[in-house]
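In order of appearance the chains are A, B and C, and numbering begins at 1 in each one.
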Amino acid sequence: MKFKSPPVNSLSLDFITELCISLEKLENNRECRGVILTSAVPNIFSSGLDITEMCGKSMEHYAEFWRAVQEMWLRLYGSNMVTVAAVNGSSPAGGCLIALSCDYRIMVQNPKFIIGLNEAQLGIVAPFWFKDTFVNTVGHRVAERSLQLGSLHSASEAHKFGLVDELVPEEKLQEKAAAIMAQWLALPDHARQLTKSMMRKAVLDRLVAHREEDIQNFVNFISKESIQKSLRMYMEMLKKKKS
Amino acid sequence: MKFKSPPVNSLSLDFITELCISLEKLENNRECRGVILTSAVPNIFSSGLDITEMCGKSMEHYAEFWRAVQEMWLRLYGSNMVTVAAVNGSSPAGGCLIALSCDYRIMVQNPKFIIGLNEAQLGIVAPFWFKDTFVNTVGHRVAERSLQLGSLHSASEAHKFGLVDELVPEEKLQEKAAAIMAQWLALPDHARQLTKSMMRKAVLDRLVAHREEDIQNFVNFISKESIQKSLRMYMEMLKKKKS
Amino acid sequence: MKFKSPPVNSLSLDFITELCISLEKLENNRECRGVILTSAVPNIFSSGLDITEMCGKSMEHYAEFWRAVQEMWLRLYGSNMVTVAAVNGSSPAGGCLIALSCDYRIMVQNPKFIIGLNEAQLGIVAPFWFKDTFVNTVGHRVAERSLQLGSLHSASEAHKFGLVDELVPEEKLQEKAAAIMAQWLALPDHARQLTKSMMRKAVLDRLVAHREEDIQNFVNFISKESIQKSLRMYMEMLKKKKS
């Protein structure tokens, strides 16, 4: 599956909805046992949640958007398929979450590509299920430090503490991803799926149990004037950067 | 304590029962403060649960067998003694669980010796308390990947991510195990035991609370025709390998 | 903030009470966003809880002392400020807890400086919230082994498994601590504080929920004749060492 939403594969409501529908179709397709997620946009895997969806919109819109983000994660982290992230570009915030939700992460070794949950730098807070997914991958201490600093890590650094499993040169990425997929698909589906579910169920169940509360939290937080202001400033900065 | 049940120290109902009785005796013997577990069979620490106990038997037998496996783990993981695994051979599945349940794991550095929870490769699923013990030792991410792939790791790899604590040449194993035992026995028993219990209690309590349910799960799962078939195929394969 | 309670910065009831008052003042001072903890006593960061407070005193005194120790940890681990430990000397037991409760730990690379939760060596048991703080920092396995052995680690060893984040030569310590503080203070306070609270809340809440029970446990344990005896012996040993 190739993300193609130029310029930066930002996770707009439309993009997320389409991703959820695609995942559901693949999940229900008995011929499909695995999916490789990668980007068709150069230098960017995904830039994360689309800030325009969180800025200057109605409370209803924020709620709808957040429910879609939750849905995406529930589908991806809880997928019965083998999921491999072939990270061929930078992957901040929600982009990093997508990678974290897969079974295996391969990243192109390019000093310009960065990855991490940098929400704190924007003045916002990663929700508890981003945090849980991160802790499950890199452990409590690395997550605590990285989340508080909103760190964006180079590919090498991310590999060193296990945020990505493997680094490859760009030209080897697809080949490597296919090899990893073949390795995981060699296992009997049923046993692999039950094992995956056993590992991830506690964290998935936690969001399911607190889903409405989490939406309410997000809506209340994001619609604060101080947060809206800091998001607007961030968007201005991005626009200036581009031009 | 030396496992001696040729050819491969497989954990039959008899073997497990005897192991539990021995552990209980040692536990109640105030002179005995620690135990080193090792194998008297060349190249094998323990090959894990005896598949013949799980294949073509009655529901009652499966239930009895599983209760014994639980008992073994409860006694070993919760032991008041210092427990050192001197892993002098391969140690898949239940053999790996025994090593994981000790306080310290020393493994012979031999490229032929492998260790891991490879249940998924047989089409079965390690129960939650195998998983909990594994996560407590190597962390969530390593456990997730290793359990899903049913990986059997070389001694070097196992050492790299903490599945074993130390590698030694075969001829140094007993000496090293004795030195480690002496180091742990230098601590006051009472404080060491309370500390151990504090670290392991949550995971031990979880099985105690769900013991009957876990037996029922095992019996239902293992008696499925599809699972029985895959176990029979696995046994055929082992027989062919031998001959 | 410089600890200055010669000869070894031991955490007496007076010292802890003063520390709590200072932390509260800083916490309520809106100008103060971070604090660096270090020692004004050569070669010792803090020697941990003052054993004289736990030896030959009344049950009421033990209870008062323990409540103060809890208070210190609740304030420090739950602080809204950025907390950096600049560990410029040895730091056993309660001294190690103070370092573990900060956001970041820098230690002077001196082969004579040691750090760890060595309670087991004194025949006592680190309480569950020392353990939780330790597990959150170094993971379950390292904590299990280190706590059972009551290990005091060299700075290098402590750095290797993440008990400290960074090693520096003594003359660079203050400069490095200031640089780390500046890095953490560059983040928006609100997002950083909420993130910190999200990471630490479960463990903080656990003590709050069991605070009286934990005091009772401590008082019962410490007032046992066998424990009193072993503490007296330990103090004798320390006195002999000094003279």
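We adopt the following convention: a contact is a pair of C-beta atoms (placed from the backbone, for glycine too) under 8 Å apart; a residue touches a chain by one contact, two chains touch by 3 or more.
If you want to know which protein each chain is, UniProt gives these names: A, B, C = Enoyl-CoA delta isomerase 1, mitochondrial.
Please read all numbers here as calculations on a predicted model, not as lab measurements.
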Contact graph of the chains (line, ring, star, complete, other): complete
Angle, in degrees to the nearest 5, of the Cα rotation that carries chain B onto chain C: 120
Centre-to-centre distance between chain C and chain A (centres being mean Cα positions), rounded to whole Å: 36
Touching two or more other chains - residue numbers and ranges from chain A: 139
In the complex with chain B, residue positions of chain A that touch it: 103-104, 135-139, 162, 165, 183-184, 187-188, 190-192, 194-196, 198-200
Interfacial residue positions of chain C with respect to chain B in the complex: 119-126, 128, 131, 139-141, 143-145, 147-150, 226, 230
